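Okay, so subunit A shows up in both of these, paired with subunit B first and subunit C after.
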Partner chain A sequence: MLNLEKLINYRVMKYLENNQMYGTLNTFENETSLTRLTNNQRIERYNLVELILFDPQKLLDPQFYFNSYQSLKNWINTSLKLFQDELRVLLYPIFLHCYFDLIEKQKNERALEFFHKFKHDHLEKFPTELGLLQSITTKRQMETNNFATTTRSKKFNIILSSHSFELYFTFLQEMELDLLNKITYKYLNIRVISSNELRRYKIVDDNDETEGEKLALMTGETFEEIFSINSQKIEWGLLKNCIEDRVNEKRERELFEKKERILAITRKRKRTKAKQFVFQEPLNRTNSLIPAPKLTIQENNRRIEELSLSIDAGENNLPSICMFTLFNSQNKVNSVDISKDSRYITIGCSDSSVRYWDLTKQLEKKKSKKTNKKPDFSKVMHGHQGEVYSVKISPLNHSFVSVSQDGTARLWSFETDHCLSIYNGHNFPIWDVDFSPFGYYFVTGSMDKTAMLWSTDSERPHRLFVGHLSDVDCVKFHPNSNYVATGSSDRTVRLWSLSDGKCVRIFADMKGHKSGITSLAFSPDGQLLASGDEDGVICLWDIGKSMRIRKFNSHDNYITCMDFSVLNGNILASGSVDNTVKIWNVELARKNPIDIQRSKILKHKFQNVLLKTFPTKNTPVLHLGFSMRNILHASGVMTSDIPNNQEF
Partner chain B sequence: MLSPSVIIEISKKKEKIGKIDQSVALLLSREIEFRIRELLLDSLSFMRHSKRKALIPRDICNALKLRTRRMINNLPQTIPVRKISKKLLKGIKDQEQKQENLINNNNNNNNNSNDPNDLQTTHKNQEKILNVKKLLRSSLPSYPIVPTFRSHWLAIAGTMPKIPENVIVYNDNLIDEQFYSVHQTNDFQDINSNNKEKKNIKSKNKRFRKNSIQPVIQMNKQGAVKRTIGTKIGSKGTTEIAVEITPIMKHNITQELQFYYDRVIDIIHGGNERQRYSVYNSLTEDTGIQQLAPYFIQHIQKEVKNNLKQLDVMMALMKMSQALIRNESVLLGLFLHQLVPSILTCILSSDLSSSQFDDHWKLRDFAAQTLSELCHKFDNYTSLKPRVINTLALSFVNKTKKLTTHYGAIVGLAALGLDVIRLILIPNAMNSLQILNPIIETEKKDTIKKIQAIKCRGMLLLAIGRVVMEQTEKRNSKRLITQKNDQNDDDDFVDVLKLYDMFGNALDCFIYSDSYHYTQVLI
Partner chain C sequence: MSSVPNDTRAIKDILSSMDVQDYDPQVVLQLWEFVHNYASEVLDRASSYAKHANRSENINEQDIKLAIKNHVEMNFQKIPPNPFLFKLAQERNSLPLRIPRGKYGIILPEDDNTTIKPNYSIITKPPKKKKKSKKKRINKTQTENQPQQQQQQQQQNTLNNQNEMEIEKDN
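== the complex of A and B ==
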C-alpha cells in the first residue's frame, strides 16, 4: 500500500505530464526518486483504498456524483453503435449505487434531485424498482428495505466483450472518474468474453422474434461460480425402466408383430427363422438418486394402460381442450388442480378452506337419474388459517396437499375427507407446491426466499434450498424426480439436486426474463424447462447445455400455468390472466438454432412457433394440465366487473 | 404523493400531537410514502398469487398482516381498489362541495370560517355503531353462493366448437373456411399447406351442411329445399349434396334453446324498449343460435303477414332480422327466400299503418337499410341482387301504384348503391316527377297525398344528389390532376343540365359541396 504522500506525488507527476511540463517533471522525479508509472501499472494501483485515501473530500461532494453519471451517460451515447447496447447495461447499476451512496452520506435532498434528474433513463425498464427507490429517502429506510439491502450486498453480473471493456476502462482513466471506478470495483462483476463467445450469444438472440434490450442481472454468485455451477454434469434423462419406455416398447412391439404376421406367409416358403423383437432403451436413462417407495404393480400397469391410449399431440394434431369454468368464485378461488386421470378437481380458496369434487360420483348420479335434483356440492375442508395459494393432487390419487398464507402445508385425504398432517417449516406465506411424479415427496416455495423438500410421512423438511434473492414464486419437480426447479421474483430460475441439496443450474440471461418468474414446466423427456414471467414472456431452456434456446412472446399479462403434452412433449400449452390459452410448437423450437440460421427456408418456418390461441369468455386460466390421454384440462374462474359483495 | 402540508393539517386537527414543524412534516411524509410503497409492492405480490388482475382491499390487509400492523376492517373486501378510491374521491368532492356551500353562506355573516382545504386532504371511513340486541333479533343473512363448476370443450382437435360458452373468433381462417368455403379455397391452400387438415375440414363441412339442411326440410317440404340447394351448390362446384337429399328427420333443439326462443319472441312482441335492445344485442353476438335460425325466420315471415298495420311490431321484426343478418355465426343462406320477401313487404307495402299520419317512413327507411346490408353480405349469391332490384324497379316504374309504394321503391333502390341510382332512378326520374309535380302544385284538398308526394320528391332528389355529388368530386379531383376543363369527357357521367331542368336550383347544394347548403336542404 502506498502512503498518502507518495500518492500526492504521483498525482502531481501526472498533472505535470498532462500539461507537458517535462522539464519540471524530470527535476521532480529526481528529487522524489519516483519513476513514472505506465498505464498498466496505474490500473493496478487504482485500488479502492487508495482512492478513498487520496481524495476523500471529492467523494463527499454530491455534485461529483451528478457530473460522473452525466459524463458516463454522454460518453455511452456518443460511442459507437456497436458497443452502445453492451455499455448501456452499466448505467442502471451505477445509477442505483450513486443514489444509495448519496443517501448513505445523508445528502437526502441531493439524492432526490439526482433521482429525478436521471430517472427517465430507467423508468421504462424498471418501473416497480424505481417506484420503490423513489420512496427510500433515509439511511434507516435503506437498511430496512429488502431491495436496497440485496442490491448493496450482492453484485450485478454484466457481460462485456473484451473491446468494450477496454473502452470503458480507458474512459474511466482519462476522465479521472474515481467514483465510477469505485462503484465498478465494489458492486459489479464484469465478465470479459472474447468476440467468438459473444457471437455465439448473438446467434441465440437473433432467433428471437423480438429484440430485447439487455439488463443487468443479480444472482448473488460471481461469474466464475455461475459458470462452474452451470457446467456441472446433469443426468436429465428419465429413470431406467420408466413408464414412458414401457409404453414405447408396447407400441413398437405391436408394430413389429403386425409386420411379422405379414412377413410370416412369405417366410414359410423360404424357411427362414423369425426375428426376435428387441427394444432398445435410450442411452441417457439414469437411476433414482433419492430413496423413495416404489409404485405398486397395479399403479404401474394402470399408468401404462392409460398412457398407451394417448394420442400423440403435435403440430398437425392439436389437442382437445376441456375447460372447467368455476362460477360464483370471483375473488374467492386462488388455485385449482385437476388430477391426471380427471377424477378429482380441487380448489384452494381465499377463505382458507379447500374444496374438492369427485367427478365419478357425479357421473353415477347422472346415470341413476334421481328425481330430486340437488346441486352438486363440493366437499369443504377447513384447517388453514390464511388464504390457500396452491393445491396439488398426489399422482397416486388418494390425497392432495395445500399451502397457505399461514406458512404451513397440509395433506388432505380424499378417502376420509380429513387433514392427515401439517407441515410446519416456513415462516412466511407459501406460494407454491408440487408433488414428485412418483408421489411421496413434495416441494414448497415460500416468500422467505427458500424452497423446502418434504416427504409425506415426516413432519420436518428434508432439504432446504437457499440461494434466491427474492420470493420463490413457483416450484416444479423434474420428471425423474432427482431435481427440483424453482422460479423467483429475482428474475432467475434455479435447478437443485435433491441428493445433496445443492444448486446445479442457474438460468439467468441478460436477455431472458425481465420480471419475476410465475410459472414453470418440464418437458416429459426431462430435457427442456419452460419458464413464464409477469410480462407474459416464456423462455425455453436446455437443461443439459444450460442455455436459453427460445423465447415465446405473445401473452399480454402474467402467465399462470404451463404444461407439456405427454410422451413426446411436442406441444407446450400456456395459460394467462389475459383470458387466453396458447399452444406452442416445441418441436420446431427444439431444433438447433444454429442449423436453422444456415437455411433461410427453415428459418421462415421457424417463426410460426405459436400454433393457436384459444380465448375464453372472461375467464383467467388458473390451471392447465395434460391428462394421461393427452387431453388438455384447463380451468379458470369466471369473472365480471360487477363486484360481488357476498362473502362465503 | 403526500405533501407535508397534509401532515401539518392533521396535527392541527388532533391537538394531542401539537404543532409540527415544516421540516419534520417533510420527513414524516417521506417516511409514510416509503411505507405505503413497500406495502403496495407486497400486496401486489399477494394479488399475483391469488391469480387476479385487480387489486382488492384483502391484498392490502394481507400485506399489513405480514408486517404485523393493524388491519383495516371496515372496507368492502372484494371490490377492486380502483373503484373504492374513485368512490372515496367522489365522497371527498361531495364534502368539499358542502363545505364550500357552507362557507358561501357563512361569508355573509362572519369571515372567520374554516379553511376549505381542511377536509379535502383527508378522508376517513365512518364506522357504524351497531346495536347488539337489534342484531341478534334480525333475521340471518341469506346463505352465500357456493362455488360450482361447469365443463365444456374449448377445443376439439384444435378447432373451437361454436357453442355459447366459447368466444367468437373473427378473421380466423379455419372458421371462415368452415362456413363460407365458396371462393376462398385457393387462398387457403397457400396459408395452410397441410392436406390432412384440409380433408378434415371438408368432411366437417359436409356434415355441417347436412345438419343445417334438416330444419328446412322439416318446415318447408322438399320442393323448396331442392331449389335452394341447386342454386347454392352450383357456385360451389361440388355436386354430391345436390343429388343426395336427406330424408325428413325430426329436428330436436335443446331445452335451453327452446327457452331462449320463447323469451326472445315474448320480448319482441311485448317487452319494453330496453329489453328489446338487449335481445337485438344478443341476436347479433351469440354464437350458438344457428339451430334457431329457421324458426326465427319463419316467425318473421308469419308475423309480417299478420301485423301489416302495426308499426312497432313490424319495426321490431325488422330490427330482429337485421340483428340476425349481422350475426357472423348464423348462416342465413338457406333461408333467404323466406327473409327477403318479408323485408320487401316492409319497404313496398302501400298501407303500413292504421292511421295515415303515423311515421311509416321510418320503417321503410330502416327496412331498406337492412336490405342493403343483406345484399352486401350475400354478395356471392349472384342472382340475389338483380332479382331484388327488378322487384323494386317494377314498382317504381308502375304509375298505378300508390305514392307510399313509390317512396319505398325509391328508398330501396337508393340504398342499394350509386350504380343502381345511376342506372335506374335517373333515367326514370322524369316520369316520376311528371306524376309528383302536378300533385304538389295543384292538389289542395288532400294534404296527405301532397305530403307523400313531397316526401317522394325529396327522397328522389337526395338519391340523385348523392350521385351528382360524387360526380363533381371526381371531376374536381380530375381537374386538379389534368388541369383540363372538359365536361363531356366521360360517358359514365350524368348530364347535370338535364337534371337541373327537373329539379331546378335544389341541386345546387350537391354541386357546390358546401356543408351549409347541404344541411339546409336536409332540414
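== the complex of A and C ==
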C-alpha cells in the first residue's frame, strides 16, 4: 500500500516537473516530504496511458527519432528469419509516422535529414508514396495534403503471430523506445493470431521467389470491420433463367436425346419406360435486386443461339485469338472496346475524340478503283473536352459510352453517329467505365476516390460508392448485375451492392497486390474475381468465401485487360504492356487453392497454371474480350522504340 | 554558370527536390509563367484588400491569406475528404432506384438533358391572303402552272400551320 502511494506521488511530481510547475512542485514536496527523483533513478512503467501523460523531455528531441528507428531496423535485421519477414512490415509505417511527427513538431530540416537517410529501405516497395512524402515538408502542407490527412487519421492493419508480437513489445520495453511504443499504439492496428491460423494465410504464389514479402496495407477500416463486411452473405450466383442455363439445358438435352436413341434399341426388347429429361438448375441462382428493363425475346434468343454455337475453351482446347492492331496511333489511343458479337470496334483517343468501326458495313461499300481494296467504315466523333480514358459498348449494341478527363461521360449512338446524352457528376477525371451485362446501367470510376452508378436515362448518379482511400482506377459489373467491383490505387478491390450502395467485400491482402489495381474481370459463373495490378501480378479471389485463392505472377508490366472465357470460365486471358497475352488455366486454379504444405508435397506434380504466352510485335495489348462464340478478341497499338522527342 | 537567371534556377531546384529528373526544357518556362501569373494575381487582390482597409497598399500577411482563400484556391480544386463523401453517399444511396423511363431500345433522359433536343425554332411569315387581282394577272400561258401553284400554295399553308403548331409547342 505504501509503495503504491509513493509511486503515485512520484508520478505526480514527475508530471509537475515536466510541465514546469515548480511552485506547486515545491509545496507538494514539502507536504509529502519526498524528494524529487534524479534522472538516474527510474520508476517502472506499468501502462501506456502513463507514458502518453508523462511525455518526457527527450521525446521532443529529434535525435531520438533517428536513434529509435535505427535501433529498430538493426534489431529486425538481426532477428531470426522466421520473424524477420513479419516484423519488417512494421518498418514502413513507423518510418512514415516518424517523418510526419518531426514535421508536425516543425523540425523541418531534421525531418528532411531523416527522410533522406532512411528512404532507401522503402524505395523499391513504396516508390509513389515516397514521392508524395517528398512534397510534404511543412506543417501547413500536412494539414491540406490528402495523403497526409488520410494516413494520420487511419490506421495500418498488420497481422503478427503471437511470437513476433511478444518479441516486438519486449524489445520496445527493454530499449525504452517509448516513441515507437507511442506510434505503434496510435497508428498501427496490430492483430495477433496463433501460428496455426498464420499458416492458412501463407498461400503460395506461383513463380514467386520472395515468398515472405508483405507490405503494410491501409484500408481505412479496422480488422473487425473488415471481417464483418466480408462475412456478409452475398448472392453471387447468376440470375434465374439466365442464358447460360438455357444453353446448358439445350446441350444437356441434346446429349440426353442422343443417349436415348442408343438406348431405345435395347428398350424395345426390355420394354422399360423412357426417361424424361429434367434440367437441374444450379442452386445458387438469384433474383435481380435492381429495376431494369428486361431483354427482348429476340435479343434473348439471339444470345442463346450465339452462345450455344460457342466452342468451349479449356486446357486442351486453347481459344483462337483475333488481334486488331492500331497503327499510327502511338500515345494517341487510350482505350479500345470490341463488341461481343464482333461487329463494332470503338476507340477513345487522347485528343478527346472517339472513333468507331463497323466491321459489317465495310462489306457493303464499293471497292475503291485505285487499290481494289474495300475502305473501312469508320466514324470520328468529337465532343469531349479532355482525353478520353475509356470506352464501352452497350451489350445491346446500339450505343457506347465514353468517359474522359473533363469528368463527364457521354453516350454515343451508332445509328445516328452523334452524342446522345452527357452525364455530369464527377469533378475530376474519370478513369474507367463499365456497362451492366443487360445494358441500361453503367458505372464510372474517377480520381475523386468514388465510383458512381448511372443509367442511360439518369441526369444525376443513382448511387455513390465511397470507401476507397485513393482514386478508383477500374470498375467491373458482376454477371448478375447486382454487384460492382472497383479496384483502386490503394491496392484494394471492393465489391459494392447496387441496391443500397454499401460495400459488401473488401479484398485487401498484405501479400496480395503491391501496387495499384489496373484491371478486373469476373468469371461467367460469378464466383471468381480476377484483379491485375501495375506490376503484372494477377490475384484470383473467391467472392463468396472472400479470400484469395491464387496469384498469377508472370507478367512484367502493367496489366491492361483480362477476360474469362465464356460459359464455363476455364480460361483466363490477360494482356499487358509487356507486349504479351497470357492464357491461364482457371480450372486447375479452382481445384488447387493451395496452401504451403500441399505445394511442398506435390511440387513435382505441380502443373503450371500458365498455359501459353502469345507475344505481340511491340504492341502493348489494350483490350481483351471473349466474344459470344468464345473467340478471344485482342487489340493493341503498335508502338515504336523511338522516344517521343525524336518522332517526326 | 551565372548565365542562368535566378528564377529558372529556383524552378529547376524545385523540380529536382520533387525527384523529377527527366523533363523538357519548355517545362521550366511554363512553370515560371504559371508561378508569375499566380503570384501577380494574389498580390493584386491583396493590394486591393489593403486599399479597402485604408492601409494604402502596404500589403499585410492577412491580405495575402484572404486573397488566396477567396480567389486562387478555387482554381485548384481539392479532392473532397472521405467523411464528406460518406455523408453525400448516405443521402444518395438511401433513395430507391428509379423505374426505367422506357422498356426497350435506347432509354434517354428527358429531352432537356440530352443533346438531341432541337436547338432551333422556325420563324414563319403569316400566311398570305389570296388576292383575286393576282389571279387575273396570270397569263393564259401560265394556266398550266396554276394547278401546280395552287398546290404549292396549299402545301405552304399547311406547312405554315404545322410550324405554328411547333412554335406553340416550344413555348
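In this section, the second predicted complex is superposed on the first by the 549 of 648 C-alpha atoms of A that agree within 3 Å, B and C clash if a C-alpha of one lies under 4 Å from a C-alpha of the other, contacts with A are read in each partner's own complex, and residues count from 1 in each chain.
In this section, a contact is a pair of C-beta atoms (placed from the backbone, for glycine too) under 8 Å apart; a residue touches a chain by one contact, two chains touch by 3 or more.
Everything numeric here is computed off the predicted structure, so don't read it as measured data.
Once the two complexes are overlaid on the shared chain, A:Met510 sits clear of subunit B and of subunit C alike. Within the superposed three-chain arrangement, the count of touched residues of subunit A is higher for B, of the candidates subunit B and subunit C.
Of the two partner chains placed by the overlay, only subunit B lies in contact with A:Gln405; subunit C stays clear of it.
In the superposed model, A:Thr296 makes contact with subunit C only, not with subunit B. When the shared chain is aligned, subunit B and subunit C each come close enough to touch A:Gly131.
Touch criterion not met for A:Val192: it reaches neither subunit B nor subunit C. When the two complexes are overlaid on their common chain A, residue A:Phe428 makes contact with subunit B and with subunit C alike. When the shared chain is aligned, no partner comes close enough to touch A:Ile549: not subunit B, not subunit C. Of the two partner chains, subunit B is the only one touched by A:Leu622; subunit C is not.
Judged by the document's definition of touching, subunit A residues 131, 134-135, 428, 447, 645 lie at the interface with subunit B and also at the interface with subunit C.
Looking at the complex, you find that subunit A touches subunit B at residues 128, 131-132, 134-138, 141, 145, 316-335, 345, 347, 349-350, 355, 357, 375-378, 386-387, 389, 405, 428-429, 431, 447, 471, 473, 489, 518, 534, 557-558, 560, 577, 581, 583, 611-612, 614-617, 620, 622, 632, 634-635, 637, 643-648. Residues 17-19, 24, 77-82, 85-86, 88-89, 92-93, 95, 97-110, 113-116 of subunit C are the ones that touch subunit A when the two sit in their complex.
Subunit A meets subunit C in the complex at residues 131, 134-135, 144, 146, 149-150, 220, 290-293, 296, 396, 398-399, 411, 413, 418-422, 427-428, 440, 447-450, 455-459, 461-466, 469, 498-502, 645. Per the touch definition, subunit B reaches subunit A in the complex via residues 27, 30-31, 33-34, 36-38, 41, 45-46, 48-53, 56, 58, 62, 66, 76-80, 83, 142, 144-160, 165-167, 169, 194, 196-197.
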